[in-house]
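If you scroll down you'll find the structure; I have some questions about it.
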Amino acid sequence: MPSLSHFALAVVQAVLLLAAAPLLSGFMRVVRAKMHTRRGPGVLQDYRDLIKLMKRQDVHPPASGFVFRLMPVIMPATLLVVAMGTPVITRFAPIDALGDLITTIYLFALARFFFALSGIDSGSSFAGIGASRELTLGVLVEPVMMLSLFVAALLAGSTNLGTIGAAVASLSMHSAAATLMAAAAFGFAVYIELGKLPYDMAEAEQELQEGPLTEYSGPSLAMVKVSLSLKQLLVVAWFVAVFLPFGNATSMAPLDLAAGLVVFVLKVLAIFAVVGIVENSVARTRFRLTPRHSWLGVGIASLAFVFYLAGL
Amino acid sequence: MTRHITETDVRAAGPFAKIDTPADVVRMKSALLKDIRRSAYVYRVDCGGCNACEIEIFASITPVFDAERFGIKVVASPRHADILLFTGAVTRSMRMPALRAYEAAPDPKIVVSYGACGVSGGIFHDLYCVWGGTDKILPVDVYIPGCPPTPAATVYGFAVALGLLGQKLKAETHVQAEGERVAVAHPSIPYNLRVLVEREARRMAGYRQGGDIAEKFLVMLEQPGLVPLTDRMSTFAAAETDPRVAEILARLGDVVTEAIA
Amino acid sequence: MFKLLKEVLRTGEATVKYPFAPVEVAKDFRGKPEHQAANCIACAACTVACPANALGMETDAGAGTRTWSINYGRCVFCGRCEEVCPTDAIRLTPDFELAVAVKADLVRTAVFRLAPCVACGKPFAPEKEVAYVTALIEATAPSEADAERRRQLVATCPACKRAHDLGQIAGSRVVRAMETSR
Amino acid sequence: MHAPTATPDAARVGSDTIAALRLKLPHAVLDESWQTPTQATLTVKLDELPNVVSTLYHEHDGWLSVMAGNDERTINGNFALYYALSMEGAEKSFIVVRAEVPAATEEFPSVTPLVPAAVWHEREVRDMFGLTPVGLPDERRLVLPDDWPDGLHPLRKDSMDYRLRPEPTGDDETYQFKNDAKGETTVVPLGPLHITSDEPGHFRLFVDGEDIIDADYRMFYVHRGMEKVAETRMGYNEVTFLADRVCGICGYAHSVAYTTSIENALGIAVPARAQAIRSVLLETERLHSHLLNLGLACHFVGFDTGFMQFFRVREKTMTLAEMLTGSRKTYALNLIGGVRRDILGEQHVATLRLIGELREEVTRLVEMLLATPNLEGRVKGVGILDPGIAREYSPVGPTVRGSGHRRDTRVDHAFAGYGGVAMPVNVGDGCDVLSRTLVRVSEFFDSLSIIEQILADAPGGPVLTEDFTYKPHKFALGFTEAPRGEDIHWSMTGDNQKLFRWRCRASTYANWPVLRYMLRGNTVSDAPLIVASIDPCYSCTDRVTVVDVNKASSVTVPYKEMERYCRERTNSPLK
């Protein structure tokens, strides 16, 4: 059982992440506008959008079923559980049981599953096709994630995110080359998981009219939007926790936590600034070629595994 | 709350009739306006336009006019829309798709009719395959005239739709005043000569530039003075720095000289 | 990617200030047609030339008026009205801020009185048009007698012109008709 | 080129071709008349119509530009058909093949089996005039809405008032889509009745997995009835402003094509300065349109930053248009006999300055575009237009030039102010999206040079002539090279300062029929890009976006089941 302070940390960090998610997507919109050489909205624009959406009518298409209605609740709930388990500002998972990488992978998969299912359940062909793309993407990206994380787990001797992170931070991993390869493969998988160009297949605005989001309106749309931002924040936090844990708080001392928070914010902003520049300077990959790209990821992850076996 | 619009409604609406807006919808709309003041999602519905309007809408979301700085975003699905933007004169084939897009958007919603065709059918208003404007099938909240409206006019129109700027245009009627008369222009120049000059100027440089040049020229002709007319005209043309305008002035001078001779 | 970044850095922000600052339009921009009713003789040249039927002219014989109207919502801003206007009463301005919430605000009208025919006394043509043409004729007529004959001609409605021989109009009957109509 | 009809034979371009035709088909030609020294109209026997058109098309390098139907019962008791061919062999001219269709039979032998390019025209003439093309395999409507009353043909002189709006009879579409695929395919019907589609058109792709086997589309959702209003409500001068609104992107090209057709018909000598100004504006229109297309190409491959950059620079072309015409779009600059505005010294200087800036900025943007990751992979080898297919269907503009055919109206049939302009014809031999895009890029820079050349050589003198008289029942072709290719108009004057008939063929009309072949064999996700590469009007492009959607082949839900579900929206496979 986690201690009360750990549990409190878990709850607070989940709430903070949720609250900060629109700030992050607002930041991405600002980066995008700058890349477009236009003024663009303020960084708080996504909060305005969400507040507005919360006041709008929620329309359910006549053909939609209960999954369509449930998803805007299940998806953020699942992600909040992930948020409680991920080491964000600390080097250890606030709730040990949730900090297991297998748990995390499956919680993400659950969120993805419901997201895709809702698209199919909405009755719209756009949403349906976005959904099937989302599932395909899941199938393509999960092996890379699994393999690279397993290599890290083998190297650290634990499947706990906090333990792996601690091992990386103390530079005590058995194989530096294998760690770097695993980090590269995982980073690539995380990038695809972000749903950013050139891999924004499921919500492709021009191709799919925003995929599974097509049929949502009002508060449900707000929930789904905030969930998607939260998910982006979480996968990056996930990557940071495992492969970039430097500077995290190692204890529950308030000063440590504050420093950990500052370091986390800086890391995330830096990563997203790079992501923002990349996503705005490339064309979308042909969906058909995505497997080839993901196979590249599998290749790097496998190589990491070989390096691990060879003890390089 | 959702009012399903049917084909019968469309037919009953007929030309110039308007579908009534219930009082609660009016109230809801004013509440909506407050909510979307800084975050408005817009869904475009092309009801059979010539694409000039679509292109200018594109121009108003691209860097130079950037509607997103006001929180205005063009969205891909009517379900996300706060504002529906209808362009085109509503062709026979597009009336039902237009109604369905309207129905798909959450209530309440603001309907903006865009461009001369959307506002009133424009140049196509009475054609056989045209319904003649958005308000023949739907209640419209704001009209943005123009053929097509420029991006600046679009930004202004959205500001009006969101209640950020007031409308400038007001219905006005002029009633002829007692003794209201139109004076003949340049009375000291013989009428026939003036017409010759104006026609030649239009032939040389069109109605606007030619008109302005002819006006300048006629004012010069009217000036009293001791300098002979032909000298005055040649000095006037010579003082002109724009070679093309000088050519036109010289031509007008020739017209005057020919007419006098 | 680097070429793009260079381009982005070089450009900075391309967005204009409008509506917080006025936007620049070209010198002869074709915006809202502004009608100077005081300068209008209601000759209907513009309404005939308008390709979109945005301009209208309606005659109310009973009230003895002719109403000119423009519908900015239908206008296609081609400038034909400006081109054909004989008295420069209509001109396209740089004003483009025309959006309205009330459709009726898109329409402007101008009501002109009709002049009675000197022969039959029925209203037939705008007073201002008759006066304008009369003024032109006075300026161009070779002699005063000729001017008087033409003045009568201008002030006579087409029906009366058809009914009466020109000579008769110039003669005594017109004088009598004028007396009775007063 | 605007000399009156009485020209000595020697000066008539095309007379050798006609002589050869007469030799081959000795009894086919009944009458020969010349509208301009490069435009002849041959009246032929109705039975010989397909042979004559086919001979000109296949043996004398003819391309079918337009076919106009005409209800001439009030003139000679018959209907008439005018097949206008652009002759691009040794003699570059227009030969119009005219045949009278007796009012008693209302039938004519279809030309389509011999010349496939005639297919849309013949379908249209059946809709609009009720004339039956015997032997035309495609019996579907083209222009009129599905719920338009049978037997009501709008362009017949005695059929209806131009304002008549028949009561709607149904909300559903009944159009039959064609599928030439052998074997089983999945039908993907997405169109205007779908709530998420805002675009006036309806595409169906017949796909097997991700591959497009065949495609068909229903257009004319924006059919308004312009040709009818042009001959009823409007005077012939007002139609120039209507022509401006045929297309919001290349309206000025239509306006010039229309005025040219009337000027050719009435033998009006348009002042050289007016012609130069027309050319400057046509090129200005090409500048904005090509930048628009390059921007949209970026948009459709998800490269929105590129889209934004091209649109940012495009604003300069809009400023140029606004300065020269008073309006960013719909230039409203033409009158029969000339133009309505001049280019004064001040504007001349400003134009050259803008041209210089555009040259510099677009050079940089094009370099940037070609260096963008993933871009080449998306456009190379995609949307192949086979040169043979192109030859059969007579497409125009960058679409046909991208497949190696050297067709450019500005060079083949110099009009407006292009006579003395040195101008290359840009062709590409890749036949794909990349090839067409590169043709446009080269044309953009050529347009800049053309504007500079014309401005430098522009003669003085008037910009408008009113020295002509309106004559009834005169007809001729007018043509321009719009950004998308040749626009061609056939006009006939009436007897009341109005038109008797106006036939306006937009460039995209000539390009739609080949699109089907360009889509075949590609994946569904490339469909929007392929459609954008023929540069149709924007709304047309967007409606393929709808189609692109269908590419997804799901691994978790059987694809066929998905398709069925998307189509019927009942019995979710997951419930």
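Which chain is which? They are A, B, C and D, in the order written, and residues in each are numbered from 1.
Convention: a residue touches a chain if its C-beta (ideal position, glycine included) is under 8 Å from a C-beta of that chain, and two chains touch if they have at least 3 such contacts.
Everything numeric in this text was worked out from a predicted model, so none of it was measured.
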| item | value |
| --- | --- |
| Set of chains whose contacts include both chain D and chain A | B, C |
| Of A-B and B-D, whichever chain pair has more C-beta contact pairs | B-D |
| Whole-Å gap between the CA centroids of chain A and chain B | 48 |
| Distance from the mean Cα position of chain D to that of chain B, given in whole angstrom | 27 |
| Centroid spacing, where centroids are CA-atom means, of chain B and chain C in whole angstrom | 18 |
| For chain C paired with chain D, centre-to-centre distance based on mean C-alpha positions, whole Å | 38 |
| Contacts with two or more other chains, residues of chain C listed in rising order | 1, 4, 8, 11, 13-15, 25, 28, 51-53, 76-77, 79, 83 |
| Numbers and ranges of chain A residues touching at least 2 other chains | 35-39, 126, 206, 209, 214, 281-282 |
| Sequence positions of chain D contacting 2 or more other chains | 195-196, 233, 241-242, 245, 305-306, 308-309, 312, 326, 330, 340-341, 372-373 |
| Arrangement of touching chains [line / ring / star / complete / other] | complete |
| Contact footprint of chain C on chain B as seen in their complex | 63-66, 69, 116, 119-123, 125-126, 135, 140-147, 149-150, 152-153, 155-157, 159-161, 165, 167-177, 180-185, 187, 190-192, 202, 207-209, 211 |
| Chain D-facing residues of chain C, complex | 1-4, 7-8, 11, 14, 25-30, 49, 51-53, 76-80, 83, 92 |
| Touch list for chain B against partner chain A, complex | 1-2, 35-36, 38-39, 41, 62-64, 66, 68-71, 73, 75-77, 79-80, 82, 104-108 |
| In the complex with chain C, residue positions of chain A that touch it | 34-35, 37-39, 277-278, 281-282 |
| Chain D residues touching chain B - in the complex, by the definition given at the top | 144-148, 154, 160, 162-165, 167-168, 171, 192-193, 195-200, 220-226, 228-229, 233, 241-242, 245-249, 251, 292, 307-309, 311-312, 314-315, 318, 326, 328-330, 338-346, 348, 460-466, 537-539 |
